[in-house]
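Chains here go by letter, A, B, C, D, E, F, G and H, matching the order in which they are written, and residues are numbered from 1 within each.
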Amino acid sequence: MVQAYILIQTEVGKASTVAAEIAGLAGVLSAEDVTGPYDVIVRAEADTMDNLGNLVVAQVQNVPGITRTLTCPVVHLS
Amino acid sequence: MVQAYILIQTEVGKASTVAAEIAGLAGVLSAEDVTGPYDVIVRAEADTMDNLGNLVVAQVQNVPGITRTLTCPVVHLS
Amino acid sequence: MVQAYILIQTEVGKASTVAAEIAGLAGVLSAEDVTGPYDVIVRAEADTMDNLGNLVVAQVQNVPGITRTLTCPVVHLS
Amino acid sequence: MVQAYILIQTEVGKASTVAAEIAGLAGVLSAEDVTGPYDVIVRAEADTMDNLGNLVVAQVQNVPGITRTLTCPVVHLS
Amino acid sequence: MVQAYILIQTEVGKASTVAAEIAGLAGVLSAEDVTGPYDVIVRAEADTMDNLGNLVVAQVQNVPGITRTLTCPVVHLS
Amino acid sequence: MVQAYILIQTEVGKASTVAAEIAGLAGVLSAEDVTGPYDVIVRAEADTMDNLGNLVVAQVQNVPGITRTLTCPVVHLS
Amino acid sequence: MVQAYILIQTEVGKASTVAAEIAGLAGVLSAEDVTGPYDVIVRAEADTMDNLGNLVVAQVQNVPGITRTLTCPVVHLS
Amino acid sequence: MVQAYILIQTEVGKASTVAAEIAGLAGVLSAEDVTGPYDVIVRAEADTMDNLGNLVVAQVQNVPGITRTLTCPVVHLS
């Protein structure tokens, strides 16, 4: 299982609708509006790194109003 | 009361009209054109962090010509 | 209650010890190692924006090995 | 007269002492702690652009704990 | 006299036409295509900081194909 | 011979088609989708620095869906 | 198998020794000096995302002279 | 002949001595202090891209007080 934070920038004025729509996607654990350089922070998970990449491209980035996504995979360091 | 600086990037050529329009919004204390990575720097205040977020989304980001806003809440460190 | 994500950059090689130490702080809900421009992503909460600022400065930034923190307060947009 | 915002990054844990010390400098109008990519935002003024540059280098950057300053001169667009 | 470097990002594929057009503007000393995070670097001068700001907004940013300009005023430190 | 990595940002949802199309261009050695601040990383080569610049501008940037390219020439340090 | 590009910033003057030392690490496919915002670009692979994270933290970041690493995992989009 | 702009960040308070020292190096055409995200902007030239890389690493980066250099080679687009 691969988990990741996805830091999202939206078009101006679109942060709340973007967060609400992403929150309903399969594989998305949470989606919250924030202030600062990013507008929405998402926590998501998938079976593999490739599936995570496809989740972002095929599902998250399809939500209207997103301008940039920055995927930060969680790593368990030993 | 929560205060914040809002660092704004505008479309090319829109800095002065953006600053003038934001300066007239309720909750905005000042709005000035600057050079550098940002085009306009705003000082604003609101009752709560959520209200500040809504001021930025519902009022400031509605001004035509804005491409990115970066909200920096003021904190009083003890 | 104010909640925030804190995006942290660490000295090279310090990510895992930084995450483990922050995870034990009062007010910190989670702290995970990630890859990408940030090394650790923290979720924290405090009573007020000022208390959140003090949590970051007085507690989180005291953990050895941190070079930059970027606090992103969660906002509930209406 | 040239005015500018100076966006400052500090060493971790130094934001409040840096802001307090800068607030006392001649030519500095205000200095406040903020969260986000910058730690302190200063408003300053000087007679000329060169004097503003020297204020930043000779006075502000002498304050211990500063790692980066980003000077954004105010411009009055016609 | 105030001099500045203007670091310019253009739409993809527009760097050479942007540089050529800017090179012909009054107040512009040179305009060259570069690789890296910026696409064109300009050297310009004006009587005052305000005039420099207006040169950038009223002349340089009017050139089609520019997406961001970053003005870096030259300072003579003593 | 000059070689370079080209770090590419694409419009949301366009990363895979951009990578596939760039992979077929003359002078391009590889083009892969990645996560993080960039969406596609390309390795390319050309006879001279100017030809490399023209390869990027004339060929790579013509691929629909690219928003920014960042060319990093390889240098052989002695 | 997970592959990644690792974009590395080094202390000034350390790029060539850092690249040479990383090139000899197990799991590293190539390591080249570049100009631009990064100093060395590495291609590496590991069995899992966690092992890739550990390779970066336990091996790459142990090389003296590195100040920041930015890991960009390759994803195969369908 | 390859020409480049080198955008330099210095330790706080070191901008003017860095610019003065770089101005005396062979291959350096100019070196000026600026405000904004960079502290010194240099124009340099060398016979080849590799020699330019070596000029930066072996000469410019040897100047005390430099923390980051960003080399932007000039390209002549046809």
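Throughout what follows, a residue touches a chain if its C-beta (ideal position, glycine included) is under 8 Å from a C-beta of that chain, and two chains touch if they have at least 3 such contacts.
All values derive from a computational prediction rather than experimental measurement.
Counting steps between touching chains, the shortest path from chain B to chain G takes 2.
Contact with chain D and chain G alike is made by A, C, E, H. Chain A and chain E, compared by their mean Cα positions, are separated by 36 Å. Centre-to-centre separation of chain E and chain F, using mean CA positions: 25 Å.
Centroids of chain C and chain E (each the mean of its C-alpha atoms) stand 39 Å apart. Taken residue by residue, chain A touches two or more other chains at 4, 15-16, 33, 35-37, 52-53, 57, 70-73, 75-78, whereas all remaining positions touch fewer.
Contacting chain pairs (ordered by label): A-B, A-C, A-D, A-F, A-G, B-C, B-D, B-E, B-H, C-D, C-F, C-G, D-E, D-H, E-F, E-G, E-H, F-G, F-H, G-H. Residues of chain G touching chain A in their complex: 2, 49-50, 52-54, 57, 73, 75-78.
Those residues of chain G whose C-beta lies close enough to touch chain E in the complex are 35-37.
Residues 9, 12-13, 15-16, 33, 35-37 of chain A are the ones that touch chain B when the two sit in their complex. Residues 4, 52-53, 56-58, 61-62, 66-73 of chain E are the ones touching chain B in the complex. Residues 3-5, 7, 15-16, 19, 32-38, 41, 70-78 of chain F touch chain G in their complex.
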